[in-house]
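Note that the chains take the letters A, B and C in the order they are written out, and that residue 1 is the start of every chain.
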Amino acid sequence: MEGRIELDGLRKTFHVTRWQRLRRTVGEVVAVDGVSAQIPAGQSVAFIGPNGAGKSTTIKMLTGILHPSSGTARVSGLTPWHERRKLAYQIGAVFGQRSQLWYHLPPRDTFELLARVYSLDRERYRRTRDVLVERFGLGPFLDMPVRKLSLGQRMRAEIAASLLHEPRVVFLDEPTIGLDVVARHELRDLIQEWNREQGVTVLLTSHDAGDIEGVAKRVIVINHGRVVLDDSVSSMRRRYLGTKLLKVRFHERPAPIELDGVSLVKAAEYALKLEVDTRTVPIMRVVTRVLEAGPVADIAIEDPPLDEVIAHIYSQTARERDMLVQAR
Amino acid sequence: MNALAKYVYVGRTAVRSNMAYLGEVAARVFFLTVILYIFLQLWLVTYAETGADRLGGLTLAQMLWYLVITEAITLSAPAVALEIDSDVRTGAIAVQLVRPLSYPLYRLWATLGERAVRFILNALVGSALALLMVGPIALSPQGLGLFLLALPLAFVLDFMAYLAIGLCAFWLENTSGLVLIYSRMTMIFGGVLLPIELYPDSVQWLLVNLPFASIAYAPARMFVDPNAFELVKVLARQGVGIAIFAAIAAAIYAAALRRIHAHGG
Amino acid sequence: MTRLLDYLRLVWSYVRLNFAAQLEYRGAFVSQVVAMFINDLAWVAFWVLFFTRFPVLRDWNVSDVITIWAIATAGFGVAHAIYGNAGMIASLIAQGQIDVWMLYPRAVLPHLLLGRMSATALGDVLFGFAVYIVAVQPDLAHFALFTALVGSTAVLFVGFGVMAGSIGFYLGNATTLAQQWQFAMVTFSTYPATLFQGAVKVVLFTAVPALFINHYPVEALRSLSLSDAALAFLGSLGVLAAGVAVFHHGLRRYESGNLLVMRE
């Protein structure tokens, strides 16, 4: 029960009053159009969609900030917009744009304040804090003013802050934005560890494919207020596009490879990059053909970059989307 | 974006920025209305209680117009101290070190232009309110001319003070405190709310001759009671005030230069 | 009772933290405190000059006006030192910052008000008490009543700030409007009530409840009148209640997302 997220037919329509030169127009904007999902406790889910797709509106409903127009949702067994304060003990949130940490003071001070805000038992708070400090490597800068920290350090402290009250569900919005490669990986690893070891449900919104792959097991894609895709990350990639990238380097110029479902992406000196439509031709057949084409120095089979997959999903037509949803 | 969409966008932006400006105008109107209304009540009661026709040589109407002018002047002060402060901090001012006079002069011209516009706006709003509240006062073209002659040096004088304050950014973390102190000193010593004639007799002569009085009190007095002979005295005092504040600013500038050369900016 | 204690502990944590944050920039902090002190001093100086020339105004003297200033500044200062966000509600709404406070297991208003401490407000508090003690030289009874009235005024300013800022729930970007309204309140409350009559006086009871600062408290202190003091307290509580009510009504609108302008 704790940490489970259930959405059923969540709908949100905004009534927008626009003033244009003393003329009032009242319009309806459907931001969320029937979103349903069942997220078991401890799962890490990437919740993605283009801007204006209804992501933040859905999150606001799940955190109790917004009341839906219709539909139900339960987070940790609680209805967010009715039991906001009770729910607040169960959820943690890190929003990339807003900082929970006090800018001019050390993270330690913010932690103390949060302990007070959440009315945490002193002993328990200290233990949790110490574990977080150790795990997230905050020791060296726990007493340094936040304004002096690097972005990576700050984000680690932010996430730690959101975990102080031992929430069962954590909402992370663009947690790695602006971070360098190393810091990104560090942060993703930390989140993933915490998710695995503590069984905390993670709901991540991000535009970064690396975040999705690095942290989430499941992805829910939202567009135009509807769920467009709800699948595991790997099968989304595999099944959805059904292509693989095959990169091969030969010792000498290879014989031409022509096969239905195989297209040449790039060719250099003795190297080839092929795109294989695995719906048309099984990958093993392509590999066999490649090995026949010449002495192979190196060969690799990869999934296409997630960015492409996502871009593809966003731009798909309504027909494809409906077909896909039905196919599930 | 096609051409039409672009024009619509430009048009909308223009309207939006004008609306913001309108908001600022509305805020200014509201502010002046509150101040002038309150002081009107204050003077009504005061004149009634003392049974006097003139106080400090001014009638009730003149008293309110006096306030309109002093407020128009003080409210027209642009944030030039802040601009100079940030020039110091960003180092933009260091670029000008090669030709030391060009920076202050450049700032002065920019300030005067902005100040003139803001003063006119404030004066128009204040005048409208004063006409509503107490009606017009006697003002001849010559009188108006004398008044207008008293303004430019008042603005230059005020600028010199802000220049000196802004330059203190070389030493201070924050100069806005100095700005506030200066503006309050001008308010009290410069007779913004109360003509200096109504101050205790013992301090009147001193205050009239301090630079502060030449900024708001002197031009406002010239407005309600124009006098060519007085104007000459006002101009002289303004000149002296400018010299004093300019000297202070120059001293600060010189000290700042020494500091820059010692520390390399 | 434990909830009240818990809340008071929360207040204390915020005050401590806010103060510590201010001290990080000691120079700027001190200069702001001093600047406001000097600002207030300048206005009292004006009144001293005025009353030197016109000793009595409709049975008011300089001591009465100084008392108004002392109560207003000290009350305003206490209000915005502890509840520094009281003056920021309209801009918090406009920037979507209310959401942030809704994620905590606390009632929104009493919590979000604590999020900030105004440095200049501390200058006001210092000034208010200093000028009352030095210029009016009260005896113990008067000083005790004065302190109680400062508390009442603080409550009034918090309630009023909340009321004015809450128009942001109904009007989208209401930051300037709320500021003007608050400016009117602060300004009117520093002038003797005897200056105003008729329709304006009605306004000063209601939309701009300055009479509960420039009239009843001063009357209470002039004659140690508990009935005037009681009226002052009642007025403050009334304004607080109104502010809280408007805020919660506005918050319900906010939660249903029916703001005039859709934010994203």
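In this section, contacts are C-beta pairs under 8 Å (C-beta built on N, C-alpha and C of every residue); 3 or more make two chains touch, one makes a residue touch a chain.
Source: prediction; values computed, not measured.
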Chain closest to the middle [Cα centroid of all protein chains]: C
Maximum centroid distance from chain B, chain identifier (CA atoms): A
Averaged-CA centre spacing for the pair chain C and chain B, given as whole angstrom: 29
Euclidean distance of C-alpha centroids - chain A vs chain B, Å: 56
Cα-centroid distance, chain A relative to chain C, in whole angstrom: 45
Shared interface positions of chain C, touching two or more other chains: 25
Interface residues, chain C side, partner chain B - complex: 25, 27-28, 31-32, 34-35, 38-39, 41-42, 45-46, 49-50, 52-54, 56-58, 176, 179-180, 183-184, 187-188, 191, 194-196
Contacting residues of chain B [partner chain C, same complex]: 23, 27, 30-31, 34-35, 38, 41-42, 45-46, 49-50, 172-174, 176-177, 180-181, 184-185, 187-188, 193-194, 198-200
Residues of chain C defined as touching chain A within the complex: 6, 9-10, 13-14, 17, 20-21, 24-25, 97, 99-100, 102-107, 111, 255-258, 260-262, 264
Chain C partner contacts - residues on chain A that touch it in the complex: 12, 14-17, 19, 29, 51-52, 56, 60, 63-67, 81, 84-86, 88-89, 91, 93, 95, 98, 102-105, 109, 112-113, 116-119, 145
